[in-house]
Every structure is written in C-alpha cells, then in structure tokens.
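Shown below is the structure under consideration.
Chain lettering (A, B, C and D) follows the sequence in which the chains are written, and residue indices restart at 1 in each chain.
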Amino acid sequence: MLEKLNNLDSRWMYLALVIVLIIPVIKPIGMPVSVNKDLTQRAYDTIGALPAGSIVMFDVAYSASTDTELTPMMMAIMEQMAKKGLKLLVAGQWESGLFFVKDKVAAKAKSFGWKYGVDWVNIGFKAGGISTFRAMATDFWKGAMGIDIDKTPFEQLPIMQRVKKLDENAISCIVIYESGSPGMETWITYFPKISLVKASVAAEIASSVRYIPTGQLKGLIPGMRGAAEYEKLVGKPGVSTQLMDAQSLSCLLIIGLIVLGNIAFFSSKKKAGHIGR
Amino acid sequence: MSVDGAVSGFITAIVLMVITWYYVTSARRGKQMPEIRKLPGLDAIDEAIGRATEMGRPVLLANRTADVGSVHSFALWGYMGYVAGLCAKYDTNFINIAGDYLAAAVNEEVIKQSYLEAGRPEAFKPDTVRYIPGDQWAWTSAVAGMLKRERPATTMWIGYFYAESMTLSEVGAQIGAIQIAATTNTAQLPFFVAACDYTLIGEEEYAASAYLSKEPMLTGTLVAEDVGKFIVVVVVVLGVIAQLVDPKANLISNWLKF
Amino acid sequence: MLTQELQIWVAVVGTLAIFSFLIKENPFYRFFEYTVIGMSAAHSVVMTWDNYTKAFWTNYVMKGEYYLLIPGAIALLYYLRYAPGKYQWLYRYPLSLIMGYSIGYALAYEPRPFMVQVRGTFEKLTSFNDWLYLFVFFAVCSYFVFTFWNKSAAVNKTRGFARYAMMAYFGVAFGNTVQGRFSLLLGRLLFLLQDWLHLVNIGSGVG
Amino acid sequence: MKRQVPLILTTAMAIVVFLSVVSYSLTELQVQAKIDRMRQFMTAVLMFMGVANLLRVHGNVISKKERNWMFSGWLLVIMFVYMIFGMAVGNKNLTYRWFYDAIIVPVNGTMYALVAFYLTSASYKAFRARTAEAAIMMVCAAWVMVSNVPVGDFLWPSTSALGGMAGIRDWIVSVPNSAVSRAIAVGIFLGGFASNLRIFLGLERRHLGAG
C-alpha cells in the first residue's frame, strides 16, 4: 500500500489538478485578497504620484502564453492612468507581444474615450533590439523610424511632439510587462534614470525583488496575485480576482500532495533516489 | 558620462582583466595553483556516463538559448568537450540539442575534436548535434518528445533556461535518467534542484571548464575570480564603515556611482 | 474559408494533442511537435527576412552604406561549415568576429548594474534586517569561493549556512512560481471551456 | 591561418567594441551604431543556417528511412511551404498570421501550461524531508504558496501580529532572499566575466576545433 503510494502514478495527480482548477471557475467562492505593501502598493503609488499629463511608457515584453497573468495588470494600470489623466505610449521588446496586445489596449483606451495620437499612442515593435532603444535615447523619431504601429508618421500624432528623446524628461515612467528576456535589463542597464515599474510573471519575483531596495525598480506587481491586488487598489475587480479561488484550491492540492508524499516517505523509511545537490 | 556606474564599471573591468592576466601568467610560468573545492555535480559526470554505457542508452546534453557569443556557450563547450571525449572512449551514443543554429555548427566542431582526441573520429555520427529552433515551447516540445522516445540514461541541462526547466527535468525524471543541471537563472534553479540529481548553482556553471580540464591556466582565471570576490567583500566592508561614519555622504557609495 | 471559427477548432485540436503527452508520447503529439518545429524554423527566417534583411538592404545599403557589404560577405563564409571540402575552416572568421563583438559588449557593459547592486548592500544600515542582509550576503559570497580557504572549518560552517539560505531562497522562488504556472494552465483551460465549449463566461483580459 | 587568425580577430573585435562603448570621442563618431549595424547585417545574411541544418539532419533521417522518417519529411515540407509563403507575403499578412495563431500559439501556450502539471508531480516526489536542506526548501515553498492565495489571508490574516502569513513571506522575500539572490548575482557576474576573459585572452580555444 505504502509502496504504491510512494510511486503514485503522476497521471492521477494531473487529473486531480484539472478538477481542482475547473470547479472554482464554474462555481466561484470569493475569498478576500490583501495588498502587498512592499511590491504592489509601491507600484501603485509610483504611478499615482505622477503629475497629470505625464507620459507613461508600456514596454510589452510578453506574448500570448502569459496573457492570463499580465494582461489584467495592464488593464488595471490603464484604469488608474485614466483616473489620473496620464498619457500612454505603448512600445515593446517582443514583436509577438505587441501584435497580441494591440487590440486589447485599443479597446480599453476607447472605453475611456481616449483620443489616439493625443492621449495615447502605440509605436509598435522596432527591430534591432537594445541598439534601437539606445538610438531612441539620442533621437526618438529617427530611432523609431518615425512611424507608429499602423505606419502613421509621428508628425500627425501630437503626443509625439513631446517625445523627442527617450529620457526621463519625456517619459516619466516605464512599466514593463515582462515574462522573459529581453526584459528589464535593457532599462536597468541603459536607462537607469527613468523610473521603472515591473509587472512580472510570478516566476521572476524572487529574482527581481533585489532591485527594489536599490531603487532600480520603483515597484513590482507579482503575478496573478499582484493583478488581483491591483484590481482591488483601482477598485475594479476583474478576471484575476475571479481566478484567485482556483489558485487557492490548486495550492491546497499541492500542499496535500507534499504532506502525502512525506507520509509515504517516512512510513516506508526506504531511501529512494537523492535530493539534488 | 552620466550613466550610473559607467566609470567605476570601466575601472572594475580593467582591474579584473589585470588580476586575471597576472594569475594566468604565473600559472604559465609553472606556479602551483590552489586546488578547486569539490563540486559533486561535476564529479558525478563520469559515473553518469558509465551508467549510460552499461544500459546502452544515449547521453544527452542540451541548451536552448546560448548563441555563439554568449558565456553560456563558452561554458557549454567545456562540458561538451569532456563529455563527448568520455562517450567516444566508452562508445556511448552522445546527443547534443542546440537551440541556436550558429552555435549548433560550432558544437559539432567541439565534439568532433573530442572524438579525434579520444582516437575514434569515425564514431562521430551526423545526427549527434541536432538543431531545433530555439523558440521556447517548440524546442521544449521537441526535447520532451525526444526524451520519451530515445530514453537517454543521462541528461545534462547546461546554460540559461527559462520556464522549460521544469518540463525538461520532470520528463527526464520520469524516464529515470540521471540528471545534472547547471544554470545561472536563479529563478529556475529551484526546479532543477527539485527534479535533478545534481544541480550546479549559478557561477558553478562557469567553473566547469577549469574543473574538468584541470588546466592550470584556466584554474588561474578561477583564482582571479575569487580575488575579485575578495575585493567585493573589502569594498562592501569599507562601504559599511563609510556609512557608519557619515550616512549622508558615503564616500565609497559616491565613488561607485561615478 | 479561413474563419475565426475554424481557427478555434484547429487550435483546440493542437491543444488536446499537447495535453495528450501527459498520458503518453503518441503520434498525435508527434505530428504537432514536428509541425511546430518546421513552422517555427520558417517563422524565424521570415522574421529575419522582414525585419533585418529587407530593412537593411533598403534603409542602409541602398542608401549608400556600402561598407555593410564587407561583414555581409564575411558572414557568407559561415555557410561553408556545411559545405564539403577543405575550405570548411573559413567559417571560423565570421564566428570569431561575432564572438568578439559579444565579448566586447559584455566586458564594457556588465560591470555597471553590478556596481549598483554592490552599493545597495551597505547604503542603508539602520535596522536589524539590514545587518542580517549583509551577513547573508557575505555567507553566500563565501560559498562561491572556489580556490581559497577550502580547509578552514569556519568557512565551511559559513558555507553550510549559505546552503540553508539558498535552499530557503529556492523554496520561496518555487512557491512563488507555482501561482504563475497555474495561471497559465487556467488560461488554457479557459480557452477550452469558454472559447470552444462556451461553458463559462468570465470575460477575457479586456475589462 | 586556421587558428591564430580567428583568435586574433576575436580579441581585436572585442577591443574595438569595448573602446567604442567606453570612449567618448568614438561615441561621437557613431562608431558603435555602425558596428551594431554590421553585426545585425551578419544576422540577416545568416538567416538560412538553421534551415540548412534541419535539411541536413532530417534529410539524413529520410534517406536512411530511420524511425519516424515520415514525420521528418512532413517537417521539411511544412517548413519550406510556410517559409516561402511568408517571405513572399510578409509576416503581417493575415493568412500567414492565421496559421501562426491557429497552430503555433495554442501549441506553445499548451506546452507552457504543461509546466503546471510537472510542477505538481515534482512537488510530490521532491519535497520530502530527507535532509535538513530539503526540509527548509519544502517549508519555505509551502509557506509562500499558501500565503500567496486568499486561503493564506483566511488562515492568518495580514491585519494580525507580524503581518500574518503574508507578512512573514514578505520578510523572507525582501531580506534573506534578496541577499541570497544578490550574492549569487555577484558571483555570476564575476564568473561570466572570467569566462569572457578566457576567450578574450585566447586561453579557451575548443570552439576552433581541430587543425
């Protein structure tokens, strides 16, 4: 019996996981979420402290696969920006990501009644990686080839008159939505003067917090939990808040499995394999 | 120059170069280099290849992200030369999966060279190095499928990995392979630690080429690295003193900002 | 012909094929595996072609920056790697240039963010936590010393402590990631439940 | 010619790039931008290397009729069709994108989602308190997992002593954890730097192969 438990077929665990995730999606429970003061609150305050009319730049560094985690953050931040009267410039380091968020951002902007080219702009993906961004630091228009995502020249977009150089005077804050590389290293290394907020996938939190005390990051939104916290801060509960219950149950499943695994291990007292070194 | 740390960074680079140069030169002159501390993950390589030989199954060494200019490739070639040499000696099938096409071409060269040194150049097969496009999940699906089909007895995951680390190491564990992982991506280390038999943490990945080859000059670069660490510690201690003396104008801190 | 509806069906088939790998490796999975390898290889060529080759040709070379043709010609030597014959070694020229380029950048840029990190350890020393931070930092640094003090008992004790601290770190990183991974799986399950089967409706990312 | 020249080229190129970054007057001359452009142009020229490699490996499989050779054939067919089509119409073409979104996106997304399953089975097998180290890792992981979800707030609310489960988690994350990650990062920087120097100084020349 215990021997069997020790070598439990993974497929049973997989089945349990699917069940545990689906049930709360169909029948939500609605447990409350508290806000993390060191990370999410800091991000919220950084953006909240910008004077009305400042330009915030979004750096899209994710793609469809991390949609469930990062897109709700983007929507919640846009909600806050609309309240504060901030302007938005969408750029990005991931081409697939910009394709992916294009319509979502446009739809959200439309819901606020933002005017394209005046209140917000999407300059699209610019090939060339870091060297392109470095070129934008000296001359944004030239570095960005002078056109937005739909090939409209910058001359026809009034907001671009304010962005001649990629520096702290033109861009008050960069929010990077990051799920991998290239990512925030670009900004930390080459543009340390512009305030940087990271909307991060959960996997990168542990390795990113060290940038908070040094001020290299002005805020960090941690994963779906962070998105739910942000939705709470802006007072608009959305998708993330709804999905937190499924998260709760699946975490309990893992804890249950860990306990079960330890019971099996200690009662069989058999040394199988060895822990990584 | 207004970039934070640009000048002090430049000085750091120069200092490190000089230290490295010094130790390499003294190693070349035959000065005895200190011994490297034990790294169980690297000591396990021989045993793992021996096991693969007994079982008659291949040895797999894979990396997705490293291009030809990346330090991970430089590290990888150290492992590759050693492992391929042993595989050639024991006549064990060796497979390398690369995610970058330029690197794949170089990997082939490194492996051929090892086969030649082992005296068995004819044992090199054209499908030893397999390139799979480095697009994260396409690559992972191919490697996972390959693991289940060819069931290597030993898998080595060396270099920079992202979220695929969990899939690779867990599928590897399911087929019962001995797994050795080395990565500098601290966010992915826990998954390798959880599912692999041996994990080289962070910087240990880079130490392999010196450790495995036992070449005194390469060991010299490791000594230089350790001296670098010692300097970091000294700078931090000085910084702490300066901070206690005058928290408003920390001399060391200002210097590092320069 | 290529409607949104059809696209969802194709996507569902692909999704199920990949999920089937959890049960066992099978031809259905293998088909999608090979398809995606082929398509990603093609996609990377298409992206380079659109963003680099064409763009560089029209924006730079045709506008008089002919010096680009020199590295271009050198790069062509790389293809000799797969050519039979005695000129294979010529591919080492572009290789060494590419390596030198990356090394030059690494040597020049990598120390900068590092300076800020080192500074961060001592710039604020007001609470117990700050001192603890410093201690853990030193301990872990000592763990990564490879060649000195390997016989010193004190250093080895500190290294033991460093291993515990690192294990705690790995535990935390693991625990934090779990959440994100479940979000991804939820995303895929929502695709099946919502976009395909229309069983639930909780809206997409757009608020 | 075969080994010495490439070694010198690497070092010389590295020095040029290094100087173009650190020297003010060279920055003024836009040397760095030109070098970047040359490197990118090399990428542009080398775009078919991957195709060449796949053609060689899978062509070999097909000609020897090895296991799964039909899949290899299919791989080459789909690769060339999709590549030629894409180069003809451009990557923003709607039909091109349709196939991308219908096949690559869901397969990639699902492959990513599989990680959740593997995480589950790995935690069952790996998190057993065999040693003190394993126990520490297990406890920390479990603690963070629970405190990250609403259940944690429910068990030990963040309004109570020590900030509740989340408060302790935040302390672990921002003090010992952050220190560890910084120390590892310092080591990685030094190790990476030394690795670069090994090639720069020509100590490591395995990549140049034989002869």
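Just so it is clear, a residue touches a chain if its C-beta (ideal position, glycine included) is under 8 Å from a C-beta of that chain, and two chains touch if they have at least 3 such contacts.
Keep in mind it's a predicted model, so treat the numbers as computed, not measured.
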Most distant chain from chain D, judged by the mean position of its C-alpha atoms: A
Pair joined by the larger number of C-beta contacts - A-D, A-B: A-D
For chain A paired with chain D, centre-to-centre distance based on mean C-alpha positions, whole Å: 19
Distance from the mean Cα position of chain B to that of chain A, given in whole angstrom: 30
Centre-of-Cα separation between chain D and chain C, whole angstrom: 2
Between chain B and chain D, centroid-to-centroid distance (C-alpha), Å: 14
Shared-contact residues (touching 2 or more other chains) in chain A: 10, 14, 17, 65-66, 128, 192, 202-203, 205-207, 210, 213, 223, 225, 247, 250-251, 254, 273-276
Multi-chain contact sites of chain C, meaning residues that touch two or more partners: 18, 21-22, 30, 32, 36-37, 39-41, 43-44, 47, 52, 78, 81-82, 95, 98-99, 101, 103, 106-114, 116-121, 123, 134, 137-138, 141, 144, 166-167, 169-174, 176-179, 181-182, 184-185, 187
Residues of chain D whose C-beta touches two or more other chains: 22, 37, 40, 46, 49-50, 52-54, 56, 68, 104-105, 107-109, 111-112, 114-117, 119, 121, 123, 125-127, 133-134, 137-138, 141-142, 145, 148-149, 173, 177-178, 181-182, 184-187, 191-193, 196-197, 199, 207-209
Residues of chain B that touch chain A when the two form their complex: 2-4, 40-41, 136-137, 162-163, 174, 181, 185-188, 192-199
Chain D-facing residues of chain B, complex: 1, 6, 10, 13, 16-17, 20-21, 24, 68, 71, 73-75, 77-78, 80-81, 101-102, 104-106, 109-110, 112-113, 116, 126-127, 130-131, 133, 135-138, 140-141, 149, 163-164, 166-167, 169-171, 173-174, 184, 186, 190-191, 193-195, 201-203, 205-207, 209, 217-218, 221-222, 224-225, 228-229, 232
Complex interface listing, chain D residues touching chain C: 2-3, 5-7, 9-18, 20-22, 34-35, 37-54, 56, 68, 71-72, 74-83, 86-87, 90-91, 95-96, 98-117, 119, 123, 132-134, 136-145, 148-149, 169, 171-173, 175-187, 189, 191-193, 196-197, 199-200, 207-209, 211
Chain A - residues contacting chain B, complex: 10, 65, 180-181, 190, 192-193, 203-204, 206-207, 273-277
Of all residues in chain C, those that touch chain D in their complex: 2, 6-7, 10-12, 14-15, 17-19, 21-22, 30-32, 34-50, 52-53, 56, 60, 65, 67-68, 70-72, 74-76, 78-79, 81-82, 89, 92-101, 103-111, 114, 117-118, 120-121, 129, 132-141, 143-144, 163-172, 174-179, 181-182, 184-185, 187-188, 191
